[in-house]
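Letters A, B, C, D, E and F name the chains as they come in the text, with residue numbers starting at 1 for each one.
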């Protein structure tokens, strides 16, 4: 059984089915064309170069194609590269399923849907409930399939909904422990806080930023969408609408991180903290899985470029089984 | 003729009709109540204390009342205070007009309206024109009467529209000089950039922040309103709508100043520069009017707490005539 | 029943038993001495002035004395003051218990001890367990009685241990949700992270900073103490000791907040987040309790000087019963 | 007709006369020498490599030489490079004029001179007029030929004087609109603000920093020069001299940008704003010309590394005709 | 023998001859005039109020007058005030010498002159020597009498020259220890680095900022003066002149502290370090003299608002004898 | 005689015995292995590549081996590289001594020891003396051989002790000049301030960070060690111990540079200044030695990435003789 492209070390040999994530054509200094191909399986992705490529190659190796590739792992500036020795497109006779090569949340779309619906039922305030329910309904399929980011945390199939689920579970502990927190605001804020990403990002796969994502951003997009849904429901003048808009507006906490206002009530602040905590745990856990016990990880951009230590007695074997993969 | 409450110096005697801007009640250390009253005329306002006030005083001296006050100018921590010797409410027999005591723009509502309408006609792009026209129509009266701020720049009657007019005049010079600037985007952006203040601020007089102003802010309010008007006009999917939203979103330039995105096209950047320049010129001009030639002004909060020098050969006599007052 | 000194509004009348927290003597501009007295009950404290004080007054009104005071609430620069009309020392005949006037955690010392011990038993790693147990034993009584700060969060009797308990409860949710987190490190880190405050702060009441607190600080004090206990237990060379030291060292995350190193493994980062979250929830909850629904709180220094909004539909009645008081 | 080296896209073929801007020799990893040559025409410049160069090549390809080059545009790290296929020095028989290959302002030296002289005549204050006139006279030729910078804004022939002209035109609109601005100070400040660059920069072409530019900088150089000219004119003790020095000293506004004092009177502040606006419009316009409608530009260092969007409906055809080139 | 106004503690009684440093007139809330008088002796100064002052008082108590005052030390916001009980002007019969009430350097003008001249002779490079000598000669008397600042470090008679002497002594140790440092540059740079303060500050006593000090600052003033003297000596084109200008320009190291360029050669950097060290030692030593062993000093603005600890075993008795006073 | 690897310029030929400092193996894009070798002599080190290396090469060229190498100096991104033409291991017949190829302090271990011991004897306070003596004794050999850093200042054999010696010499001048400085604290603080580096760094050669260095850092390591030694000497409760801990804790001055507390007494502040000054002089002097008169040095990371100018009249010939090398 293959160990997954994210877990190879320098010098190891690879022979695997992989999915092409993106391709760019370049011209080498000898004047010949080459392809820069990002190859992925469900554990991550890796850069490779196909030197001296033919027009056939350009036709075969396109985003979404599955290939069988063989070669070695090298490193360049501290990041792994895949030095291809042989590569060919997979055919019908190859026993490989494209869906098995896509990184995805550990819960299925149905499981995520059921879980979030359960939290939705716990919201008692009718204004808050109706808005949340209407927004979920309007974005239904995309909400459960989108990643939460292009390249930072939860950048995998259903990453957005999975991130929301983890935050809801933590939020439940918070409201149990601190009864003065308003559960309705907190649950609703969590469910909708990143929903603007459905317009900010281009789609479920080969995700990039849309023009609206670049110029307006998911936070302002979502503030507008809450206003719109509230108008449609005829409840635009309720204070709850203002509070939900504010929760979305302020959930990055800091102007430099994109929030023009800091959180200005308890539940908005806690939404920010839980969002930040779940994102960091996701990022840290994935970096540590690729690090040997007793060693330091790669520098992690989303953690202020820190490198993290994996204690020498940390024996988690999460690399093995796909079922435990986040 | 009186010289105006903003222009007295320490030690001078005052005897003037003044308008009460705000009143707060306090308890002195001897246990007796007193009133802190801000008195204004069209040149500015000043703090005063009414010690040992009676219940009659509390009934007479309320925001909006006109009084005849007499006393001396003192200073405390570098700011003028008005030491009241005598004060009485104005009656019908007093030859004073409340409207003459309100700080206002040098152009009337009609003049402002006519001027802005002329610029509106120069916008050729139909999407941009329709949105700008519809927003102006929807907010008609308030747009021409609101101040531009609670306490910083253009905080006077019609301050918002007057600020827009000055910016439009400067913008005309810019597009004449640099023909590659898109006039339509720039004019429209200027007209609507601060329109969210009509919801952010509580009203034309005794202005404070609304709940929506505090939690959402005029920038995000206006982005939502552009989206709404575009839906109503059936043109919500046009790129122009996105660009106008972005101009409003980015016109404070910097996250710490409230813009979650920096300007990302030429006209958005120029909108920011003209907004900043007009606000600063307004603030500086008013501070210098209160400063004698050859001296430094008070510290100016909106200019990074700088103090400005008035050259000893600066002979502008703007203090005298109300017609030249900005 | 009295409502508690923290909850009076300007203009209300007070007639209550109060405990003297601190006293300073001053000289008024008329040359007469006066006392600035901070009075407290279990809900908070308030500043008052005793003008024209006698030598008897100076002898009677000392920190720790209980008094019966009557007067009015005034405000100065946005903060409440207590204008004393009459005051007298409480005597044996007054039905008042000093312990009832002290702010305290909602759990008793025994309850806190039992709860933390239960978490201690869940730590399986023997090195981590032995160090944590030894440190708890060494500091036993003080650990369960100290406040967590002089004036910011959890600044009340048993505040430190109560803060630790809340964090442990949240930590349990985290390790249940994310199984790759090392429970042993996280629980131990939480229990010991602020233990250096037992040397940094002068004591349980009238708390101030010690010389060692000022010059070294609780973080460095505790790093040294972990080293010392590990030597005594003969396990100073274990990696776990280094990791626990690092958790304490880095738990303020940021150099400006006192941590010379940022968290460099998962559990250290999560310790920081939970510490920050619990402190903020404590600070926010207490500020909101003093705020009426539909209004903004005082500015909160520990929250970046923000003011928080209490939603108009927030009906929590926490002011009434002491049992729910945190 | 050729389209200009700045406007080619990746993959396009080039066959053009070009001017060599700079040359550096290097040693390839195969031990053979190569030349890195920057080639320019009036639209901009591009990097190229001449691999395996001979001693003849080194003699022929020197700064200032005109060549006929043919090859392809490639990209490296997001910037264009020119992959040379053939290159040869231009000879007398080639119909190419070196002056046509130099980037230059859209106005001639004579036009710039005439325009600035007209503004000079509008300065009424005799001290200000004499100093400005004397400084212009002393630096006459260089002032009208120098670029305004090595590599940021207005880095082309006569860029400095052209920048001054644009600022003067804007300044005229400002003084027309806001009559309290002192026209004399503003015009004079604009004319002399960057004159120190005549000592800071090494010359009109192949511009680099002089030792004095590196160690002292154009701002301090110019402050000294104003003092010197005032001494020569026997008016060194006039307040106007101090004010002009201050305008130069403060025109970068901010200590990090090189101004030890912020602007401390109105005209100094406006000088800074106009300088900044004209520089930014120049930088933005040139970046947008190289960008296709509906796309984002390269990152622009002088705009805080932002990338700018060109609206899809922006149809300016400035690339075609040299006459419209700024 | 009196202990000096700087060394009294709250509650102590004062009966001393004092010199009036500055006077401001105010109007009390009862409408009566009062004087705010700063009184000084050679150890420091203190604020006092003269309530209900007469016109005689106003005539008698002016800056520069010597008085005999008696009263008590009180504190307000952590700073001492002098509560005057009786005050009268000193007459010819009073055995008091005004010069004894002025804070001054521990070395006389002649001693400072002799010492600096000795260092001047050690400068071997003729260009550096001639410029330094000429600048010293031109500013002779003032250079040896001026303070080094209005209110921070070395703000006493001859403070500037004394600061230069201490720095020269330290510089000698540096060049002895590190022979590659250029002694000529370092000594000359130290002698002239703050000479611009002779124009920045208004005079030896009652020192304030001049207009030129406010608008240009001592750094830029001195850069211009070096240029001027070099012209007069006919050596303006020497590299040494540029280097001396740069040393002055960069000696505050950081743009926010007033240096538009950071030090760009060894001796310029060391000049900055020695300047900073001597200023800090002066500030710290004076703060500690006023602090009892085992206590913390007042907050020190010039040390980033830090408070400094005086070790409990620090027994220096510098308060007593004037001869040891810096 | 060879001039030393640090002093070659681009294009020069090298033929020298060199010591291998570190080796990494890589895979070239043609699939063949190569070695990246850092070669050093006593003047510095340089990067080189050995392309197409054999298994013999891998066995021969290991850290600590001496080689005879011949080739040319090239530059890459502004830094020198050594292009190897021929290389072979040195044998017994080669007249080369490994110790001559190691960068070292200009004083021998014995000289350093003697010098520091002399300063130790000047410490009169018995607590301070005993702690300093005990710490020196415990770390004896390592203290005199360790470098002071991995790659910044004093990164050579005995660099730590040499840095301490220079600081002590400067400190002597400071205490002579300013008698209120406590000599005992200052000398002791200097001797022990960086002693934690003996645990932070891995060893005398091929120095890297230890796990404890990464997670705790030399400052916190040393604070703990002072506590430990004080316990062993039975003087842990002395104020002097606290002060010494604080000096170590605060000697980087600033939280971002690793000090959780700023210096809080005079001697701690001066320790920081002397540490900073000696480090900067070391860094600057070494950069200038490699720079020709009249040119600018490479950018210096430890000096805020500044480039330093070497005056054209600076004739120091320090490159020649090893005896003058610091």
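In this section, contacts are C-beta pairs under 8 Å (C-beta built on N, C-alpha and C of every residue); 3 or more make two chains touch, one makes a residue touch a chain.
Note that this is a predicted model, so its numbers are computed, not measured.
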Pair in E-F, B-C or A-B that repeats A-D, with over half of contact pairs matching by residue number: B-C
Centroid comparison with chain C (C-alpha atoms), farthest chain: D
Same or different residue numbers at the chain A/chain F copy interface, by half rule: different
Taking each chain's C-alpha mean as its centre, the one farthest from chain E: A
Between chain F and chain D, distance of the C-alpha-averaged centres to the nearest whole Å: 45
Distance between chain centroids, defined by C-alpha means - chain B, chain F (Å): 61
For chain D, residues contacting two or more additional chains: 211, 214-215, 239, 243, 264, 309
Chain D to chain F touching residues, read off their complex: 26-27, 31, 211, 214-215
Residues on chain A engaged by chain C in the complex (per definition of touch): 125, 166, 169-170, 172-174, 177-178, 180-182, 185, 239-240, 243, 262-266, 269-270, 273, 276-277, 280-281, 284-285, 288-289, 303-304, 306-314, 316, 318
For the chain B and chain E complex, residues of the former touching the latter: 49, 51, 72, 74, 83, 296, 309
For the chain F and chain C complex, residues of the former touching the latter: 211-212, 214-217, 219-220, 223-224, 227-228, 231, 239, 242-243, 245-246, 249, 254-261, 264
